[in-house]
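First the structure, in the form of structure tokens, and then the observations on it.
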Amino acid sequence: MQPKAKRRIVVIAEISIHPIGAGTSVGRYVAAAVRALSKVPGLTFDVTPMSSVLEAENIGTILQAVEASHRALRSMGAKRISSSLRIDERLDMARKMGDKTRGLKRLTRART
Amino acid sequence: MQPKAKRRIVVIAEISIHPIGAGTSVGRYVAAAVRALSKVPGLTFDVTPMSSVLEAENIGTILQAVEASHRALRSMGAKRISSSLRIDERLDMARKMGDKTRGLKRLTRART
Amino acid sequence: MQPKAKRRIVVIAEISIHPIGAGTSVGRYVAAAVRALSKVPGLTFDVTPMSSVLEAENIGTILQAVEASHRALRSMGAKRISSSLRIDERLDMARKMGDKTRGLKRLTRART
Amino acid sequence: MQPKAKRRIVVIAEISIHPIGAGTSVGRYVAAAVRALSKVPGLTFDVTPMSSVLEAENIGTILQAVEASHRALRSMGAKRISSSLRIDERLDMARKMGDKTRGLKRLTRART
């Protein structure tokens, strides 16, 4: 049996970033942003086809991740950068990002 | 060896939906939206902690998914519904949603 | 005294769209999308520096606006198109898009 | 004749925020967030029916605005907070937020 992940009050968010005007294939830029995320202290993240899901103990860390992503694209010479961030800050219940999908799967199965 | 997934021109998108004013725990509503997605013909989707990633051969199918999600929440009695959709329509290259994360993982490893 | 705008149950939304890989100045594409919005029957809209605010009696009209915007950019030769849509569907109260900012201005002044 | 607004390299962004589980009428919370924006040094903003458009000389100020908005809702007792931010950082051209809509209006008229 796996040890249960400890549930704490965390902020879960999602970021997406790309340069505008640097060709249609922007994977190189997105990879640089992801490498930047991996250096933000206190940040856990997971990459999906449309964004990176972020988890941190406070909003400040999430916002550092946004700043680090923009910095990564600027340092590659991007002339225009578009990013999108959604934050889900929940204060009444401890949870981790995996809880959201696990709970959802249980509920989805429950009533089909 | 697994057969390679065929790469076609597809639209990849991401949707997130929740009721406003139905309490802080909205998983029951999100699950109803996910069940609605599973009934949209021609739609492939995958659930993440912050959204559902959608893939379809055309934008019409993606927009049907949005309509179906709102309908699901309305039919549960939601009085106010907030949704967010991001579409990535790429016309110069065939790909599937898995390609985006695979390519990214390769690029991220390449230069750390 | 101005006649009061009739308040109906409407869906209010916000769309933003741009091509990726068509240079950093994308105003020509955004203008084409705005012209496309002006031809969607039943749609009222207003342009802001970051998006177009949409109002319609049902979600179907909002989604037609999304489809028309993508079509406009495709017909200009865009190879990759990124769009973002947020919908606020409120079913318990009739309002128009102007009501949201008016109410907000009143509340903001109320307690500074 | 009005003096021309000076054009500088600025970051233009858009934020939307609301509590989840605090009823369907959330204007009181949105007003508190707007009041918080008005106290962020170096931030210019404008309210639309779906969001607040932000302008600042750097991303740090934009991110302070996000943090201040969440703080405002937390201090009103919100138990769950959903926010959405889109950033348009352009480095090759000086502009102000009014330029985006003005240029767009000119382009829209140009070819109908």
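Each chain carries a letter (A, B, C and D) given by its place in the written order, and its residues are counted from 1.
The rule is short, and it goes like this: contacts are C-beta pairs under 8 Å (C-beta built on N, C-alpha and C of every residue); 3 or more make two chains touch, one makes a residue touch a chain.
Keep in mind that what you see is a predicted model, and the values were worked out from it rather than measured.
Chemist: Weigh B-D against A-D on C-beta contact pairs and write down the one with more.
Modeler: The greater number of contacts lies at A-D.
Chemist: Between copies subunit C and subunit D, are the contact residues mostly the same numbers or mostly different, with half as the line?
Modeler: Answer same: the two copies use largely identical residue numbers here.
Chemist: Per the centroid of Cα atoms for each chain, what is the distance between subunit A and subunit D, given in Å?
Modeler: 21
Chemist: Could you give the separation in Å between the centres of subunit C and subunit D, each centre being the mean of its C-alpha atoms?
Modeler: Averaging C-alpha atoms per chain gives centres 16 Å apart.
Chemist: Any idea how many Å lie between the Cα centroids of subunit B and subunit D?
Modeler: 27
Chemist: In subunit D, what residues contact two or more other chains?
Modeler: 24-25, 79-80, 82, 84, 86, 88, 90, 92
Chemist: Once bound in the complex, which stretches of subunit C touch subunit B?
Modeler: 59-60, 63, 66-67, 70, 74, 78-92
Chemist: In their shared complex, at which residues does subunit C touch subunit A?
Modeler: For this pair, the touching residues of subunit C are 18, 20-26, 79-80, 82, 84.
Chemist: Subunit D touches which residues of subunit C in the complex?
Modeler: 12-14, 16, 24-25, 27-28, 30-31, 34-35, 46-51, 53, 84, 86, 88, 90, 92-93, 97-98, 100-101, 103-105, 107-108, 110-112
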